[in-house]
Amino acid sequence: MIIVMAPDATPEQIKDVEERILSWGYGVHPIYGKERTVIGAVGVPEADKALYLEQLERLPYVERAIAIIKPYKFVSREAKREKTRIRVGEVEIGGNDVVLMAGPCTVESYELTLATAKAVRALGVRILRVGAFKPCTSPYSFQGLGVEGLRILRCVADQTGMAVITEVMDPRNVELVSEYAEILQIGTRNMQNYDLLREVGRGTRPVLLKRGMWAKIEEWLQAAEYVFLGGNHNIMLCERGIRTFETHTRNTLDLSAVAAVQELSHLPVIVDPSQGTGRWSLVPRMSCAAIAAGADGLLIEVHPQPDKAIKDGAQSVSHAGFEQLVNMCRPVAAAIGRRLA
Amino acid sequence: MIIVMAPDATPEQIKDVEERILSWGYGVHPIYGKERTVIGAVGVPEADKALYLEQLERLPYVERAIAIIKPYKFVSREAKREKTRIRVGEVEIGGNDVVLMAGPCTVESYELTLATAKAVRALGVRILRVGAFKPCTSPYSFQGLGVEGLRILRCVADQTGMAVITEVMDPRNVELVSEYAEILQIGTRNMQNYDLLREVGRGTRPVLLKRGMWAKIEEWLQAAEYVFLGGNHNIMLCERGIRTFETHTRNTLDLSAVAAVQELSHLPVIVDPSQGTGRWSLVPRMSCAAIAAGADGLLIEVHPQPDKAIKDGAQSVSHAGFEQLVNMCRPVAAAIGRRLA
Amino acid sequence: MIIVMAPDATPEQIKDVEERILSWGYGVHPIYGKERTVIGAVGVPEADKALYLEQLERLPYVERAIAIIKPYKFVSREAKREKTRIRVGEVEIGGNDVVLMAGPCTVESYELTLATAKAVRALGVRILRVGAFKPCTSPYSFQGLGVEGLRILRCVADQTGMAVITEVMDPRNVELVSEYAEILQIGTRNMQNYDLLREVGRGTRPVLLKRGMWAKIEEWLQAAEYVFLGGNHNIMLCERGIRTFETHTRNTLDLSAVAAVQELSHLPVIVDPSQGTGRWSLVPRMSCAAIAAGADGLLIEVHPQPDKAIKDGAQSVSHAGFEQLVNMCRPVAAAIGRRLA
Amino acid sequence: MIIVMAPDATPEQIKDVEERILSWGYGVHPIYGKERTVIGAVGVPEADKALYLEQLERLPYVERAIAIIKPYKFVSREAKREKTRIRVGEVEIGGNDVVLMAGPCTVESYELTLATAKAVRALGVRILRVGAFKPCTSPYSFQGLGVEGLRILRCVADQTGMAVITEVMDPRNVELVSEYAEILQIGTRNMQNYDLLREVGRGTRPVLLKRGMWAKIEEWLQAAEYVFLGGNHNIMLCERGIRTFETHTRNTLDLSAVAAVQELSHLPVIVDPSQGTGRWSLVPRMSCAAIAAGADGLLIEVHPQPDKAIKDGAQSVSHAGFEQLVNMCRPVAAAIGRRLA
């Protein structure tokens, strides 16, 4: 930790800060500059950093306190050089394959879900993405079929030989959803729902952690650290767009974050271009771009008749559109030495 | 709902859209402009709006679908002209008084909590604001004392004759926290935690709903609508800063939203300048500004020794600082014809 | 400057960085922590900071380089404790008075400009705010009357005994506009138009520098430093809202920045609640809030018939509305010990 | 234009709005809904739209006025279906080739510029990107060599057989810079510097218009429309990152905007991943992603010794790094049926 003293700090005030730091049991290294004195504190243990930092910034004669160590640990590349690989059935996420997860936004009926499952399965997709519990901005929107939806998607998945990824929103439902789905999705609105993070962290199902639409990369990785500390190390991150001033797209898909997170963390990174753009016509191109940026997988909304979808039709591609998307993405994956699974 | 057709939409395509709208049972009013055809759909019931809207936008020959009706209903001024007033003990929130809620960020100990409670009570504050369960970005930060914290704050509140506002994060704890606190706070990270919103909506304790740091005013009011629909109408909104590119302040306190929400909704609006700025030195001035902007109350972090606070010391004012704040705010409230309670 | 080495930096790499710093002629103070080595560089002169910083960050074995000194100098409170006061005719900006600058968004005609000038003058306003050259997002919008507009506003100002503030957009027009106006306004879009900043910096007319809608406080102050370095020290800053995700208001008026800048700089700060909110109904309340936050003045759009204004009618208050605004603001200014001029 | 009346608008008020619209000479189409009346105005000519819209929104009994027509015209796909192709020497921008523009951030010396020019030319690059006039946030940073820099870059370009793209910041320099460079770059800070846009619009040199870091796609296209209306139709757009809350990267590169603009406009789109990310290690991957998203070209900062660059070293790739980038990008371009020029 580096403490920058105010320009007019007196020797007594500098001494006060040094004594505080020493009283916490750590070493003190002052640097007396021309305009500012800077104090380095050495040996402060991880867990208490944030605390001491804030205390010192409160002093009127301290200008800034700067943390040197990253606020996450186990999910960082420094903790583990090699990429985490997560096995789900026959699929490996985080390996050389770019993994597709596709399906309708929400379970509307057995028939529609099955139709899309068959269509995407025929194109090689082995992970069915579909929602039973839906987070909706409006209380008047369709909130998902709930348990009935879980049953349908399990049935469809078994019939087509696919694994299931679906969202869990309520910590009370983690066990329930784990019975039906191979991968638990934490949605963007719940990225900092800590009780939910702890609950999935105690489980054994792999977790896909969507980035909060307001979250800095550092905060996203800290959220992953919550899950990790619970004991569940099978975590994949999912970039799904952040909120900015731009309104033409529903969110701003931050593909630089995909490349950056690959440097910072060993966790696989998935991209959701459907939510990221909110416009079906942009999804195929942004899928290609995501792969080129280094994504380990894609999460795509597909619907047999997007113009009749109950939710998020505007961002779903049709069966034909999905086939086109796969055909566009395959050579891009190959161009960077990977395989579209 | 207004549907804007693509500029090159054919008569058949226009007809297709009209027939879809008619098939849902509503009236169709086309306007044939020079460059675009626009179709008005009349009589569509609230609950299904979002759905139809998205379906139509999916069509390649539709450019945009524009909702005319606001996506919230019962929390709007149109539903109820007069301001909602919420009674908590002897305090009325939403009336002519500007209500102060103050206290330490988190329960550290009985002694510290009592010291601050007494200090703010002596200045007229009747609502003690303090955290037992703390949402922390870092899993390594202090997470609050939990149930033990609830017991302490109840004890302190009873001793000083104050009501308590504290945060609830987990739907499983709503009942528990309701036993200890008069007002339930929903934190910024949980503004779209719908299971939690539904749970506090089923309860009887007044709810303070903080704005998500990413949330548009419209989405904030929709979150309030979730609580309202559960049956609990005692809702106050709390502006606590939104996330922007500015880093000098922790958040950007959006006081225009306070004035705007007073026009759009009948719910009282509280402002949290401590979290909003993240800097104790800015808190008194921004408290004055919040009152001038029309806030019905303030949520202020106060700590006996902010430079030794376990959490958020940088944004807490000291006892002396709080007294100064009250002295600054009182004439401002009077200047706009209100009273600082 | 503080250089944070990468966690796996070797002793040779640390030595390389130290030698580079020494070769630039400055002192080196390494701190060997448990997980990172941090190197303090002492004595680096202002002008070259940014340069060396970037060079070092380029090295793969350097994690971060952190500037300690603020990137602006002469406009900071450290350079000058007492507030800058700017005299314009009989008005002093930056003193105890809160100064009103009001008028129509743009010169539409002699008659309309005169009508508004008389109306605001009657309420005590001595600075007429009106645009002759208008920056317009759309090339199809009215671009202002140009030189003809300058003549009209000078004529109106002389007739009513007022000073004029008007925008200059083109460095080629600085001299021209200076002949007609007492204060030169740099608009939000031009905050980093450096040739224009240099040009007004060489002049003698006081400058009102609007914050770029994308600009951090630090960047805004650096833009002011450009003007200051040209020799013109009569600079006032103007907060007019920043761009965020919120769309209900045209911009997000950042009143915390007003309080913050008063701490960081000695320059007076003006607030423009008309542009800041884009909604006339919010202007009076936000004017009060701005004064409570510490603003030294207000910039208000007033129009005799806002519903017929050529530009920005939605954010202009009427003559009657302006009178009401003044009546609301006066007691708020008094409440904080200032006087509405 | 669609005017949404307030929910409590009286028949007289509705009539008032209708009469205003009629008095401007256009047709009126009211739609009487259950909760709101909506009025369609038909035939309003492009140029006056914004004006009338704002006037009506000012009325207290009007809730919203919604423009239906896009605010740009000649740069839209509707005005011209086929993509604009711009020829610069032997290079065609906007055709099937993905065009590379590369070089150092700024002219430091003849030798360094020549070294990089030769290095990138050897890899097939035909457009040299280098700055003579530099926009710098800090007035204390190196501001470029100016005219001397222009002479050097022309000399280097002639020697290596390359065309030059360089930034022009001051309308007074447009003619001068046009003598030395084949392509004029408008920087992000000047996207809404209208006098500069008009000046390059009157010229004949192709213009590369960078997106303002705060600009919506719609505003960016309106800025291009300014240039177009001046008579210069050789415009390329350049996505270079927008400003968001994320701080790990210098900006947030918005690749969805690249795909979106290709739908909305016929102008070629270039991507600048150097400025977009601010981190050299992310540049190669984001270059690949940009191509996959549909970019017509890349603008890359290359420096012989990035750790000794005077400006922006942190985002420059080395000669070896650039070779690697080209080798990574080539197969990605091929994968989508294009050729890296």
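For clarity, chains are labelled A, B, C and D in written order, and residue numbers in each chain start from 1.
By definition in this document, a residue touches a chain if its C-beta (ideal position, glycine included) is under 8 Å from a C-beta of that chain, and two chains touch if they have at least 3 such contacts.
The model shown is predicted, which means the values in this text are computed figures rather than measured ones.
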Pair exhibiting more inter-chain C-beta contacts, A-C or A-B: A-B
Most remote chain, CA-based centroid, reference being chain A: C
Inter-chain centre distance, chain A versus chain B - centres from mean C-alpha coordinates, in Å: 26
Separation of mean Cα positions, chain D and chain A [Å, integer]: 30
Distance from the mean Cα position of chain C to that of chain A, given in whole angstrom: 38
In chain B, residues with contacts to at least two other chains: 214, 243-245, 247, 281
Chain A-facing residues of chain B, complex: 46-47, 49-51, 54-60, 71-72, 135-143, 169-172, 189-190, 192-195, 212-214, 219, 222, 225-226, 229, 243, 280-281, 306-314, 316
Residue numbers on chain B that touch chain C, as the complex places them: 214, 216-218, 242, 244-249, 252-257, 259-260, 263, 276-277, 279, 281-282, 285-286, 288-294, 328, 331-332, 334-336
Partner chain C, residues of chain A touching it in the complex: 2, 4, 7-8, 29, 31-36, 38, 40, 42-43, 66, 68-69, 78, 243-245, 247
